[in-house]
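Common to both upcoming complexes is chain A, partnered first by chain B, then by chain C.
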Partner chain A sequence: MTVVPPREAPRATGRRRPSALASWALAAPFALLLLGTVLVPIGYALYLSLFTERLSGLGFDGPRDVFVWLENYATVLTDAAFHEGVGNVARYALIHVPLMLGGALLLALLLDAAMVRLRQVWLLSVFLPYAVPGVIGGLIWAYLYSPNIGPLNDLLPWDPLGSGGIMPSIVTIATWQWLGYNVIIFWTALRTVPRDVLEAARVDGAGPIRTALSIKVPAIRPTVFVALVFTVIGSLQLFTEPLVLRTFTGSVTSTWTPSLYVYESAFISNDYGRAAAASILLALACALLSALVMRLSARRSR
Partner chain B sequence: MTRPTAAPGRTSRWTSRGAVYAVLVIAALYSVLPLVWLLTSATKSLGDFSTTSAFEFADWNLWSNIGDLFAAEDGVFLSWVRNSLLYAGLGAVLGALICAACGYAIAKLDFPGRRVLFAVTLTGVLVPTTALALPLYLLASELRVVDTFWAVFIPLLTNPFGVYLARAYAEAAVPDEVIEAARVDGAGELRIFFRVALPMMLPGVVTVLLFQFVGIWNNFFLPLVMLTDPELFPMTLGLYQWSTRVSQFPDYNPLVITGSLLAVVPLVIAFIVLQRQWRSGLASGSVK
Partner chain C sequence: MALHPGWSRRAFLRASAGTAALAGAAGALTGCSSGTTASGATRVQVWSWMTGMDQYVAAFNAAQREVHVDLSVIAAGLSGGYAQQTNAIKAHNAPDILHVEYQGLIQVLATGGLRDLTDDVADLGDGYSPAAWQGVRPGGRTWAVPMDLAPMAFYYRKDLFDEHGIDVPTTWEEFRDAAAAVREADPGARITTFPLNDGSFFAGMSWQAGDPWWRIEGDTWVVGVDGPGTMRTAEYWQDLIAADLVRGGPTGNQEWIASVHSGRLWGLLGAAWSVGTLKKSIPDDTGRWAVATMPTWDGEPANGIQGGTAFGVSRESRSPEAALTFLRWLSTDPEVPRIGASFTSPFPAYLPNRDVARTAVADDYFVGPPVYDVLDEAAARVPDWTWGPNALGLFSTITDTFGGVSTGRTTLPDAVRRVQSAAVSDMRDRGLSVREGSRA
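Now for the complex of A and B:
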């Protein structure tokens, strides 16, 4: 009774589910890349972070990898240079994150206001720095800050490349680079706020500032939180700008941020165990912070 | 009731309009002036560069600066241009295709391991590039491929965020009925992807391609770690290396500045021409 009549067989095969093999053929190239360039390197770094190079015996056999448990992590976590780098990144983030998101939000709200003309021109001009590679952005600003070359050294009341001015100088570069990117993201999100809600607010007598703060900003809160996550992760990884400025000033040390610390331990001190441990710690910090921000955003938007 | 106060209301509207434009002008100047400086400086001779003021055009030396740039160190700059185009061009096309295939599979096909793959991909989005560069270097040195084209090219193909976007595009743009119909017609899964789904996802895939191109063009840390042979450098790394010499050899100043201009101009033009494309791309990336 349950035997399928032969005539219906073609339709049955026509409705077949895709074979797992064919599906994996499409997914495999990326899966392999992810495995080979993300998962395996992380695993290898974890492994390496547990070893250190020591001279064996009397030193006649040359250096040997010795399993040291978490010693490399302890070394990094108690290293004054690492602490200083973490402190720098924390101070940097405290200035950069509010400045970036506040500035981008303000510009997006202004551009969303009805009266502004030439909107495309404003959007494009603030977005242009995003097209500039980070190294080149760093170089341009390094010249602008340089005495005898750039105008900023004379214009600013402080020395932009001196030890006191270097932090605002680096914040200025990074904010310049990413401001327009966030403006565009916020502005496009603002466009999706229903116009009849805004119209209702206007009829109720809310002014543009009131509307912006009570309706528009809450409406795009999820977008702002995503931008917050990316800005925070970006801050933790601060590397290119200080590295480029290092050439122009002695105010930036070789371990000025945790990323520079990783670079220094690997390529100047050739201590791969310590460098791997610092890399893992950096990745963990990024993961924890983004999980934290996500969690906060989930709670807030409820 | 508000009629009598119309006059003061109007003046306050004028002042607020003035305030709005003041903020916009400041933001625009902050964004554009450094690029104007790059343009004016690239046209100056080494002498004028240190004696004339920052934003003025002195004697027009751009062409001779460009000539010097391409002649310096046996024309290594040309190799950097070629390498950047190769890394970014080929990497973007191939990477976008790989992202599209995987995103489509995750969105539209039911296969074992699909959920795990997506979860790992999302984790991949959050792994910071600077934390990954060193492990990649160590692995590459274990495999003895450090200082080769592939050591830079292959890791740059991996774009978890691109897969995330491609999945969203496939979800939105490719109806299940169309795939079903193609199956009834007897088309294989690969054929369905290339002939049916990919064309429907094309605007999204172009967006992924665009951003991957910019990402690779701007990339710096990975080449810095992987490469020592100047012949393999992309423009960013090459210019950085030159910049580390300027304090000792001022002759490198015009090379660095003119080279920077040439590295920036193509992308600036591309962004002006493709405005609509990248703006919609950014939007779909940010709104979940």
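Now for the complex of A and C:
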């Protein structure tokens, strides 16, 4: 504190205002972006969700907007197709989240345990799928699953595009895509675990497994929880993989997940009000779930 | 293509449509003030996903100076093109010209974004194939300018059919026997594919049965997806699928091409545009395929249609006259099928142009009767049909409900009944006046 005054003194007289302006100027790009790409769209979606387009007669005269209060929300919440989508996402998350976080944690621990040669090559190879755009990845897998031209269809004991096999197929694509990303995050966090603590553990006679479970994993718990939040939100928003597979199989309906439901409402049924209501509900669910996970993580790390 | 760039507007218009009636329309062209180029031409924007549209637009722009067309290529209809167009209509920044298939026309119309063209193109009506002209005139007013037509036909491997002594089926009863004969000749082969995920295919099949899914009665939509013709079609295909006589899965994708290529699919129930698909996907098969009109129900000649393009003018277009100048040219000028013949097999809705296409397209791929003869006959056999304001949504519902047929969770007739009730309740929810019922 004592260091500052000599420099500040000459400025203090007339320069206060410009510096306030400067801070506004510096914050403005972010504020504008936040306003333009987050707040305004959310507000518009809220507005849209309260209206519906009504046609009359044959519909040739075009629609008129009708204010319907919360009717769109009621429609979505009582729609069997929406329930089915929520059920699908829930089942997906129950398989995908533990599978991916567990797998990523295991891989990261193995890589960190220095039992692996060519660590950078391993890291790069698990990370590569993340570099493939989601749609391309989906198409690659769709061909692998396709009967007659893909090898997986013959190798697997079930039909990967059939009604029973579609869920594991989609989980596989998503896990393949995101596993490496999480491995990198976990591995980076593991690098920050103090080496002297690990050395002390070794001196105390802890083996690599004991060290991993009792020291490393607790040490990176906050990171794991952040990854958990991202994965849960990502699961709720499941969209690309089923959309791509939909052109290859009849097992994925147009409303298979809530995100697809939103897409179907807006761009196939042209029901923007229902689409807006469904997206608001989806956003609320995401916010609630992440708040829940964060609270859980706060309690755990206390 | 080598039109003189220095033509006057009047000479150009006369040459392009070849009718004196156009002189009147040309008079309406004066006074377009908005959106002009440096040289004074009126600018018109068109959104389309039609193959080769860039070549048509380039030829049009090179041929005259009054109208300049700007093309934006958008995603194909159900892959996002309609979404983009209806979004633009809702946001009041739609282009002057919209790409609408006959099947999507009424759904786009229900967004309120199309201009009534009844008086503008009344003079062209006589020139079109009746199915196309009716396709752009739901309820008696004209909402779009027809481009091409897509009557369905049966494409088959003549070499394999001949080799195994299988007759080309002319009725659906014979088709079932032929399907069994194909499987007997080669247990790994099937006569054709029934694409369970393609609502427009099933619509085309049902169209042949002469039972339109929608009808207009006064100010009310009469919805009859579960009419006797459609149910008969559904029962027939359910039987073939259950007996494993046809393949499931989509047509036109890599897997389908591989199956056709390796001789595991001997036929295709396709549309006029399938000519291009076959030529492009399996060029090695030149001289092996032939085409016939669809098998019929009880020998009663009838054909369905799968697809077909038209173009509408946006209600908010500030240069509708200029847009119509381009659309008249695109729809009726003999130059258009000549350009199209260089990269596809156009089947124009405008009858004089069909003869142009017939002579311009090299018909060396198929053996047997000339393709254009078969398609012409098919187009002339098409029964009346009206698309509804939820046709595109209905295709999506069909894909959803038919999905369980391949695994035996549901049957086609059951799925069709569910599609009917979903269609009716969806239309009611949107405030339309709806009554259930079919023709019979």
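Assume the second predicted complex is superposed on the first by the 276 of 302 C-alpha atoms of A that agree within 3 Å, B and C clash if a C-alpha of one lies under 4 Å from a C-alpha of the other, contacts with A are read in each partner's own complex, and residues count from 1 in each chain.
Heads up, the rule we're going with is that a contact is a pair of C-beta atoms (placed from the backbone, for glycine too) under 8 Å apart; a residue touches a chain by one contact, two chains touch by 3 or more.
Here the structure is a predicted model, which is why all the values come from computation and not from measurement.
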(request) In the overlay, answer first, second, both or neither for which of chain B and chain C A:29 touches. (result) first
(request) May I ask you to decide whether A:163 touches chain B, chain C, both, or neither, giving the answer as first, second, both or neither? (result) second
(message) Which partner chains sit in contact with A:77 here, chain B, chain C, both or neither? Use first/second/both/neither.
(response) neither
(message) According to the stated criteria, A:54 is in contact with first (chain B), second (chain C), both, or neither; which is it?
(response) second
(message) With both complexes overlaid on chain A, does A:269 touch chain B (first), chain C (second), both or neither?
(response) second
(message) With both structures fitted on chain A, tell me whether chain B or chain C touches more of chain A's residues.
(response) B
(request) Look at A:99 in the shared chain and tell me whether it touches chain B only, chain C only, both, or neither; answer first, second, both or neither. (result) neither
(request) Figure out whether A:135 sits in contact with chain B (first) or chain C (second), or with both, or with neither. (result) first
(request) With the two complexes superposed on chain A, say which partner A:143 touches: chain B (first), chain C (second), both, or neither. (result) both
(request) Quick one: classify A:250 as touching chain B (first), chain C (second), both or neither. (result) second
(message) Based on the A-chain superposition described above, do chain B and chain C contact any of the same residues on chain A, and if so which?
(response) 143, 148-149, 247-248, 266-267, 272
(request) Note which residues of chain A are touching chain C in the complex, please. (result) 53-63, 143, 146-149, 162-163, 246-255, 264, 266-272
(request) Would you tell me which residues of chain A are touching chain B in their complex? (result) 11, 14-20, 22-27, 29-31, 33-34, 36-42, 44-45, 48, 103, 106-107, 110-111, 113, 115-116, 120, 122-137, 139-144, 148-151, 176, 179-181, 184-185, 188-189, 192, 222-223, 226-227, 233, 236-237, 239-240, 243-244, 247-248, 259, 262-263, 266-267, 272, 275-276, 279-280, 282-283, 286-287, 290
(request) Could you pull out which chain C residues touch chain A in their complex? (result) 78, 80, 82-83, 86-87, 90, 106-107, 109-113, 138-139, 141, 196-197, 216, 219-221, 248-250, 253-255, 258-259, 264, 389-390, 392-393, 396-397, 399-400, 402-407, 409, 426, 430-433
(request) Show which residues of chain B lie in contact with chain A when the two form their complex. (result) 17, 20-21, 23-24, 27-28, 30-32, 34-35, 37-38, 41, 49-50, 53-55, 98-99, 101-102, 104-106, 109-114, 117, 120-121, 124, 126-132, 134-139, 142, 154-155, 157-158, 160, 163, 180, 183-186, 188-190, 193, 214, 217-218, 220-221, 225, 235-237, 239-240, 243-244, 246-247, 256-257, 260, 263-264, 267-268, 270-272, 275, 279, 282-283, 285-288
